[in-house]
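Next up, some structures in structure tokens.
Each of the next two complexes has subunit A plus one more chain, namely subunit B in the first and subunit C in the second.
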Partner chain A sequence: MEAKKLNVKEKYRLLTRDLDWEFSYEDRKEAFPYEEFEGIKITDWSKWEDPFRLTMDAYWKYQAEKEKKLYAIYDAFAQNNGHLNVSDARYVNALKIFLTAISPAEYAAHNGFAFTGRQLGGIGARIAAQMQSIDELRHIQTQIHAMSHYNKHFEGFDEFSHMHDRVWYLSVPKSFFDDARSSGPFEYIVAISFAFEYVLTNLLFVPFMSGAAYNGDMATVTFGFSAQSDEARHMTLGLEIIKFLLEQHEDNVPIVQKWIDKWLWRGYRLLSVVAMMMDYMLPQKFMSWKEAWELYFEDAGGALFRDLERYGIKMPACAELIAKEKDHLSHQTWWTFYTFGHAAAFHTWTPSAEEMDWLSEKYPDSFDKWYRPRFEMAAELAEKGERFYSEGLPQLCQTCQIPMFYTECGDDRPDDTCYRSTHYQGERFHFCSDHCKDIFEDEPEKYVHAWLPVHQIFQGNCGGADLADVMKYYKLNDGAVNADYMGSSDEQRWKALKGIA
Partner chain B sequence: MSRVQIGLQDNDESRYIVAAIEEDNPTAIVHYEPALIRIENEGHLQINRESVSEQMGMDWDVQSIHVNLVTLTGNIDEDDDYFRIEWAN
Partner chain C sequence: MSIEIKTAKIEPIRNTYAHIVRRFGDKPASRYQEATYDVAANTNFHYKPLWDQEHDLNDPSRTAIAMEDWYAFKDPRQFYYGTYVQNRASMQEKAEGNFSFFEKRRLGDALPDVVRDRCITFMLPLRHVEQAANLNNMYCSSNANFCTALSQAAIFEGMDRLGTAQYYSRVGLALDGNTGSSLIAAKEDWMNNPAWQGVRAYCEKTLTVKDWFETFIAQNLVFDTLANDLYFRQFDAWLTENGGQDIVMLTDFMQVRATETQRWADSIIKTAAKESEANADHIRSWISSWRIHAQAALEPLATAMLSETALPEAFAALEKRLTKIGVGE
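And now, the complex of A and B:
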């Protein structure tokens, strides 16, 4: 008799039944030692189901197909000198940020999901986390492959891994994932799968990748969308785990709410750099940060939180402040990097007259009033040969580790820098915002020993006291990777390649 | 009603999927963005295996949506014959 073909639901049921077992002679608590300490109560793991019902055979089949498509494009890109087709070499600087800040974070996510894929007590959730762990490894590998072509032609790519562990602004994504990975499995999965993947990564992988396509970068848009096709599955894991936790026990609701509040804010702060990449680093403009935020957070995220209301989950309070910051975020971030551009591993510049007009149009309430005069003055100084760089080192927020450049947008005072501080065990700690201060005060032990790059430089732990010493410690080729794009070796090489005088 | 959204890579395969979506969800709005096709609809959006297979002229496996899927919002309901996203609010 011919075997009956199984449908998707039956296949998935068999997979999740056959891979799990009862603990008959060992203590289940010893097998899953992290399942209870966060206060989460699970009464029935069998209620968890992956709505995609992806079995291992289907997973490998579709992942293999994605990889084949991706690598065919990489080959074509390299064989046809694809780097010559980007809109302008300034664009490549956004890729330097991607490789140094985001790709190593993919590896950290791989590590974190390997942990949750072992520690979650339910087989369905464990399999989904294990698949995600493999996905994240695929993401960093494909990103390194894509960037390796740019590395042959531009500065700032070669030491990305060394840099990620040391360079001042890269401590922001690094500490974000360290914070998540040193949490328990449930907080980790709420932080990364829900707050970051479901609510926020669309902003990075969708409009920025469309922007890459718009700027002629075939390799990046392809790895971006290939990664994002995995993200669609990760987002689903995030939403399912949240609904599952909230349905399992009412005591889980306040714990989950606290994690959502914390991680939405942490993730949003991390995306400051994406705001800047979209508004300032794409020579061909496609969508502003503000428009992307409205579409992917206010609209899509709003629908999500209305859906979660029935469980007693509320939109995090920080959303109000974020709505006010959207007119300022990209401008303040780019200005900060512009003024510290001598110590960064990518080039900065003042926007051209046309770019400033685009910014005025997209930010009618803020750009002309607060930011245009600053960039025009900077352009004037640069023209005179007095390119402005900030001499000192910035104070960093103890929680998000970002230089404290944000302003009192919540209070409608966008020209006043926001400073908060608190005392803990006789020491004073500084923060960029009320939300970062609240996160610290909730778990001060977790943040008091943060490796803050500026403190480390002052303590003499980063190669020396001069910029040149610190650059050496970062393995940054001073004079080649940093400072203004105008006059850089990247610019010279680009002009030579394109035959521009 | 909240809007649901799905994003697909702009390529040959997606073209047929989008045609099937438009046929089965007459109120859906299709946006063509660089390299991306983004489709929005009020409340829910459904992709039917039969309609996509009809458009492609070959049998289409619902799970192969993963190859071209870029992003989505809403609660997912997937079976052998359809893929559906929906908000309950």
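And now, the complex of A and C:
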């Protein structure tokens, strides 16, 4: 008998989609109990279009080839002390943020997709989520291994896991993923696969990798290239889930719209740290935050939302405010970290004269007017040995958990700090913006549980009342990991290695 | 004389991450250690899961099993992502070779009808069983999210079971010349043949279990031990005796994998039982209730596929395994 040639779609259907069956002995809702409580209506899972038709044999084969090459580079990098080739030791601070803030989020994504990969009722969507779950495990582990060599030569990496659960600014990425994971399976997948992976990847993952490429960091950029095809798969899953939900039932449209609005804003707030990394932390800069936002969101995202209009989905309202904030975001964020640099697990510094000129050129409408004077004053003080640090603790937004430093950009008053608040169950809650307030008001019973680091310090849950106690609780080695780059042990070691006086 | 390349030696300020140092001392760590230990978040969670308000997001109390240190569950294979996919890639290369040899030599054409029929009726429905095993191990992975040593090994097992389901489906395609007719026939058996209904009910039941460690016992210990003995020892022997030995080439991947993964499952159960009497009691009581379900589930299948003595033989294999890992009667 001559074997028939199967096309990929038919083969994938037989090997994967056809594995599920209709239950006879148990109530299927007992096996998949979380499909309905979010209000999403699925009328026919068989309409799911598999975004990538990858069987396990092919998955093992492709991924193993990528892993083999990646680890060969890691080995060579360590053997040849590749850290000596980075543009400047200040660059390494971007990696510290990556490992403490982003890598643990990859693990959270691994968990979240394992949950959706078990709980979604449709086998096509489930398997796609499972593959993303194991990919995310790959990412946390390959990132830990990429940074392993840096950890041996720089401060600020070694307590990444302990810090992610505790340090004040790391509650921003942690609460972002906790928020998604504590939602139902559909909100999770819209939040992470669509809003985060599809819409914002080029503004999160890619800037770190481009930064690595521009700054001679062979280990991280090789990871980036190796993960690129994984990310491409994750993006196609994001688009498919949106189209599928919108096509399944018209009642899904307002729910999905609400989730897109929420998660675009949550994701954007998380990107504050990327914005400052791009504009202030990379010795060799590849693009400004503002340029990146215009290219990857306003142009590419604009086209996407025009495409989604036929389903009744609109561009989230927050996009307008984000466009106004783009002239200010990175400067305000870096200034905040600079002034709280004594309590951060990476070094901060004032931009050099050339870097300030670059910022003036990239931000002609805002930098010279609002931010240059501040940084010049800070540099002067530092020069005199009076490096400026803020006393006290900042107030945090109840939703995004970022210190309330954002200003009234929407109202064209970028010198006035933006404060919003609301009452719930006799208590007052504070927010950095209308959008964070809206998110809270939609689900106050959820957001009151936020583990707000500053509140926790005041309540005595972080080792004690003074900063030294809190630093101990964070395992943040005072004098080595924190404060200004100038005079740090990282700087001293780097200069000695490079023979710089 | 030896060749000696001179490289600049830069003294590291530490050998590994601090949480690895706390466990193993300040010395160079293995990639498994750095990828695994204390990676998962374990405190200060922000919100209660809407789908389980009784627990934290990552919460060891979703099972009755209690451990002082959950990282005692290290994988004897030391699989992290990179070693896992590379190991499976070389296994799939061998499997691919077997399938193409089978297809090129048209070995399917030479199979006796009785062999082909029994494979379709009794072997191919395992693709559905494996799909349940995929879900059950994903359940373990997502519930054991507080301990990377467990969450990673469980997802590896879950993906393995999906791969196994796909390989069984390919056995069907190798038998039916890629028409899919054997898979349709096998699914009909899975859904309606009385011999399979007990197993199908067992699979559906495992998917409704709440305690993930119980899921682990029901799937990876009780069911798998019995099914592996029935298929990889007894049905294999029947195939060999009846001119179906070429089929065994196609299930080589499944057999090798099952043997390898048993080491991991054994170490999990052994470690949990050794931790405390209470753990051992839970494990014993789960085993005794699931072996009753398994007896009822597999009896019609084993009898129809092999003989009346087949299932007692499989239970003897289970007994042996339970004794070996210290949870026997």
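What to note about this one:
By definition in this document, the second predicted complex is superposed on the first by the 491 of 501 C-alpha atoms of A that agree within 3 Å, B and C clash if a C-alpha of one lies under 4 Å from a C-alpha of the other, contacts with A are read in each partner's own complex, and residues count from 1 in each chain.
Simple rule for what comes next: a residue touches a chain if its C-beta (ideal position, glycine included) is under 8 Å from a C-beta of that chain, and two chains touch if they have at least 3 such contacts.
Since we're looking at a predicted model, the values are computed, not measured.
By the touch criterion defined above, A:E30 lies against subunit C but remains apart from subunit B after alignment on the C-alpha atoms of chain A. Applying the stated contact rule after C-alpha superposition, one finds that A:N80 touches subunit C and leaves subunit B untouched.
After overlaying the two complexes on the shared chain, residue contacts for A:A303 are found with subunit B alone; subunit C is out of touch. When the two complexes are overlaid on their common chain A, residue A:D251 makes contact with neither subunit B nor subunit C. Touch criterion met: A:R53 reaches subunit B, while subunit C stays clear of it.
Subunit A is touched at more residues by one of its partners, and among subunit B and subunit C that partner is C.
Contacts of A:N111 after superposition: subunit C is touched, whereas subunit B is not reached. Of the two partner chains, subunit B is the only one that A:K9 touches; subunit C does not reach it.
The contact surfaces that subunit B and subunit C form on subunit A in the two complexes overlap at residues 65. Residues of subunit A that touch subunit B in their complex: 7-9, 51-54, 58, 62, 65-66, 69, 202, 205-206, 209-211, 213-214, 221, 225, 228-229, 231-233, 235-236, 239, 286-287, 299-300, 302-304, 306-307, 309-310. Residues 7-8, 10, 12-19, 21, 31, 34-35, 38-51, 57-58, 80-82, 85-86, 88-93, 95-96, 103, 106, 108-109, 127-128, 130-131, 134-135, 138-139, 141-142, 145, 148, 151-152, 155-156, 158-160, 162-163, 165-167, 169-170, 173, 177-180, 183, 187, 190-191, 197, 200-201, 204-205, 207-208 of subunit C touch subunit A in their complex.
The residues of subunit A lying in touch with subunit C in their complex are 1-6, 10, 14-16, 18-27, 30-31, 33-34, 37, 55-57, 59-61, 63-65, 67-68, 70-71, 79-81, 84, 104, 107-108, 110-111, 114-115, 117-118, 123, 126-127, 130-131, 133-134, 137-138, 140-142, 144-145, 148, 151-155, 157-162, 164-166, 171, 174-175, 178-179, 181-184, 446-447, 449-451, 456, 475, 493, 497. Here subunit B touches subunit A in the complex through residues 2-5, 7, 9, 33-36, 62-64, 66-80, 87-89, going by the rule given at the top.
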